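Structures incoming, each one as structure tokens.
Common to both upcoming complexes is chain A, partnered first by chain B, then by chain C.
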Partner chain A sequence: MSLRAAARAYPALLRAGFAGAVAYRAEFLIWMFSTNMPLIMLALWAAVARSGPVGGYTQRGFAAYYLSTLLVRLLTGSWVVWELTMEIRQGVLALRLLRPLHPLIAYSAENLAAVPLRGIVAIPVVSILLWTARGQLGHDPLLWLMLLPALLGAWLLTFLVMALIGTLALYVESAASLFEAWLGVSAVLSGYLVPLDLFPQAVQRIALALPFRFLLSFPVELMLGKHGRGESFALLGAQWLYVAFALLATNLVWRAGLRRYSAYGG
Partner chain B sequence: MRRALSIVRAQLRASMALGLQYRLEFLVEGGLAVLWMAVTLIPLLVVFGTRQAVEGWTFPEMLLVLGWFVALKGVLEGAVSPSLTAVIEHVRKGTLDFVLLKPADAQLLVSVAKLEPWRIVDLLGAGLIFAYAFSRLGRAPTAGEVLAAGAMLLGALLVLYSIAILVVSIAFFAVRVDNLLYLFQSVFDVARWPSTIFRGFLAVLFTYVLPLALMTTYPALALLGRLRAGTALGALAGAIAFAAFARVLWSLSIRRYTSASS
Partner chain C sequence: MIAVERLRKSYFVHRREPGLRAALRSLVHRPREEVKAVDGVTFRVGAGERVGFLGPNGAGKTTTLKVLSGLLHPTSGHVSVAGHTPQDRSPDFLRQITLVMGQKQQLLWDLPPSETFLLNRAIYDIPRPQYDETLAELTDLLGLRGLLDKPTRQLSLGERMKCELAVALLHRPRILFLDEPTIGLDVTMQATVRGFVRAYNERFGATVLLTSHYMDDVAALCPRVLVIDHGRLIYDGSLDELVRRVRPDKRVLLKLSRPVEARDLTKLGSIVSQTDAQAVLQVSQSELQGAVQRALAQLPVVDLTVEDPPLEEVMRELFERGVAEGAA
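Now for the complex of A and B:
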């Protein structure tokens, strides 16, 4: 399989994926609605901030933070790990391997094709964000421009980690549980539940060095204008370094895993 | 009635035996349950690092609410959801016929069809949270308070189960609703905070329409001895009415079931 062939096939794959997402739109909406944790956390912090700001966050500050978090989560979501572990277990992966296209590229097209529909779901979130907490957002247009590669990086990193852990299903049975564990740690260290700068110093230092931050917190920080231009560029570079590393690791694990794969079914 | 009880006992034993076959899974899933409990606790630790009380709730008091949340979530995801997901699968494949043919109440049969025994870890965790909260409060609950909390817990379980039955009833009208059950599980996450945290529209929604916040708040208030008798009785009556409504809707929708297999 050459990369050029994949690039030629990609637009068609995206169209097919989009059509699939539209066909199951009700189901799709329900999945989107179940992403409600940022709002639950917002309810708690809004109640806390009623008696005065917490660590620099006012009530509006929290609203801006958690609505941005919800937005980033909606836009960068992916589900490849569930599909991959199931298809490996049931042997359906054999069908995908027969096609002249790398299965991970096909999965990525399916997941990416849902982004426009996710964007539509996100429109009310953006409106509420602009309506309630406009003053809390960053003002530098360059940072907003950097949000695009940062979101793409976050999506890629999310997808690749899912693909990597999903591929582990070729080796171990409990890959889905492993991903659950990743989700739990990630909820804390990516800023999904609590803004990272509210953690004690020691925890913060760990959280800022690990990849979790680049899945979610970093694009949110850009939207809130928390860093200057120079620092933002450095962080973007770090994010894409993690992306490159995840790509390499996924590739290695995939290749080694396929050599062990021996299902005929499907 | 005695027959129903013996059916429940037999079903529970069978599903327990089925669940216990997978011992490694028991360990893995038990470990995950502990991890998620820690994740649930962390936001509270951060909040109470900056405040003494939130909306009149101190740290140990809020821990009581969280303890009930962990316990109820364990019941929901360990006993209610797995069984009812199986019903949806039955409806989709048309195999519900086999359940309906059995000489017992179908709702009873499907409600105890599947268990995930490792969720017992959640109940143990909730017990630990209670023990710690009361040691922080510096007192033990009286027998009356425990009794009242138990009654409130029964009401909460009834409502939780009824909502799940309502969701499953939808399966007879719209085919793909397994993610509707998932949606309910994620909406249930609001029950981790006391109901007074919510303001405005959300307060109305989670008190009267989907009484989720009350499910954990009332038992916690009962343990603290702050729940008024009138409120408690009202909540119980509401729970029973809700269960009756769910039962009626279940009977109505099962009449619509036309087998897909034969």
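Now for the complex of A and C:
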């Protein structure tokens, strides 16, 4: 299917994805409330910071960081890796392959369509909470505008990495456990558990050079106004370079994987 | 429409004995074994034909359908469907085919079928007037009224299968690959599905390739059958000819007004079953005429019917005899 044809079909895909997300509303709420790690970390660090700032973060500073983290996490979440590994194992992927539409485009619509629903619940709650820590947030409207492409980039990167690892299920049976490993490393190096600038210099240098930062920490840094305009632009460019690279890699792995695909149950 | 030449498809499967020791051993060493699912199959199917694929489980029927629909790459051989090489999965090819698998579904589980219909309309880029027309026609042929707006999970198996067929045919494919489309359905629903496939084939001149465990499906739908066993094609021709070749005997069914002795029956042919009011005899083709005349003259016959042996029995015998004798 040409990209133009895919673009024509995309609104319908999003609509069906949204209807699906609404149909699963109970699961959806449970998932949202289980994404509470930033709140736990906030309680922890707020207690530590009671006696004085930690590495430049006051209690309010931590509140602003972790609430922003929660918001970004909710808006950039994806689950394609679980779907893909399950569908490959059960042979259901075959049905997707029979349609004249790239399965990854269909998955992307299904995942993206859930974002507005999450937004409806997440944005008001977190915004109210963030308002209490507004002094810690950035003030430059341009950086807030830049947050939009940064969020999209973070979502795309999350989705593509998940799709890439999920696609490995075409080769190996343990793709899901590989993703668990990625998740573990990512929790530390993306700033999900601890702000990256609290790490020792050496670790920080590594974390800033790896792509994990662009999954989560970078949009949070924009919200907190940590960088000037010039540096923010450069970081946005770097994020989208990673997106392009992930797209290329996923595509390659997908094509090679399909050649091996033997549609289980044959 | 479909041309298959010396198609081979083999898989590698890991072998492992049961038990803990074998499990530990498999950590380091996994013996692989090549399984030939399809082993040098050649056939052609013309446009508008309805062809049945017969064979025991694991014979290679589904594998062949998957190769033809582009899901599997052949190990060797040449396959062409509607002028395309299936494994390229070009959009133009995918628009012309459909594969319905009785055991897998494409309907979105928690949404009404109408949602999947709209989704497919977008994916196949079906113009609105054509979509409305096809949907109206499918609704009519399959009796879908009232089903399309209920969540799929609340539909019965039969209702779901009807919707599966409809969604698979919305884009009016020219080639239908049906893999066990009536599996698990009751007799009435099986007949509905059969009637529908035939109607679709006649209405749109579509080519149909069908596998089924229910011989009635094949008998009712397919003038031509391909029999595949252990990955090899062992018969290609009409069903009647297959039955004649494998079991030239006929069944003579006698309804009796009073019980008769078994020895009176054995004079006519071998007894398949006997009760007081009815007897079934197996009689060779050459002796049929004489046997029927004698039965009418000598026995208290109320009614007499001559039939082919049941298809299930024919197939069982064919597969038991193996490739050598059944080969076309």
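The rule is simple: the second predicted complex is superposed on the first by the 258 of 266 C-alpha atoms of A that agree within 3 Å, B and C clash if a C-alpha of one lies under 4 Å from a C-alpha of the other, contacts with A are read in each partner's own complex, and residues count from 1 in each chain.
Simple rule for what comes next: a contact is a pair of C-beta atoms (placed from the backbone, for glycine too) under 8 Å apart; a residue touches a chain by one contact, two chains touch by 3 or more.
This is a predicted model, so every value here is computed, not measured.
Participant: Between chain B (first) and chain C (second), which does A:Arg99 come into contact with in this model arrangement: first, second, both, or neither?
Facilitator: second
Participant: So, A:Ala47: does it touch chain B (first), chain C (second), both, or neither?
Facilitator: Only chain B is touched by A:Ala47; chain C is not.
Participant: Between chain B and chain C, whom does A:Ala16 touch in the aligned arrangement: first, second, both, or neither?
Facilitator: After superposing on A, A:Ala16 lies in contact with chain C but is clear of chain B.
Participant: Which partner does A:Gly184 contact after superposing on A: first (chain B), second (chain C), both, neither?
Facilitator: Touch partner of A:Gly184: chain B, not chain C.
Participant: Which holds for A:Gly91: it touches chain B only (first), chain C only (second), both, or neither?
Facilitator: In the superposition, A:Gly91 contacts chain C only.
Participant: Scan A:Asn36 for contacts with chain B and chain C and give back first, second, both or neither.
Facilitator: So A:Asn36 only meets chain B here.
Participant: Classify the contacts of A:Gly55 with the two partner chains as first (chain B alone), second (chain C alone), both, or neither.
Facilitator: Touch status of A:Gly55: first partner only.
Participant: Taking the stated contact definition, name every residue in chain A that is touched by chain B in one complex and by chain C in the other, in rising order.
Facilitator: Of chain A, residues 24 contact chain B in one complex and chain C in the other.
Participant: Of all residues in chain C, which touch chain A in the complex?
Facilitator: 9, 11, 37, 62-63, 66, 69-73, 89, 91, 94-95, 97-99, 101, 104-106, 108, 110-111, 115-116, 118-125, 151
Participant: Spell out the part of chain A that touches chain B in their complex, as residue ranges.
Facilitator: 24, 26-27, 30-31, 33-37, 40-41, 43-48, 50-51, 54-55, 174, 177, 180-181, 184-185, 187-188, 193-194, 198-200
Participant: Per the contact definition, I'd like the list of chain A residues that touch chain C in the complex.
Facilitator: Touching chain C: residues 1-2, 5, 8-9, 11-13, 15-16, 19-20, 23-24, 91-92, 94-95, 97-101, 106, 259, 261-263, 265-266 of chain A.
Participant: Where on chain B is chain A touching in the complex?
Facilitator: 24-25, 28-29, 31-32, 35-36, 38-39, 42-43, 46-47, 49-51, 54-55, 174, 176, 179-180, 182-183, 185-187, 189-190, 192-193, 197-199, 202
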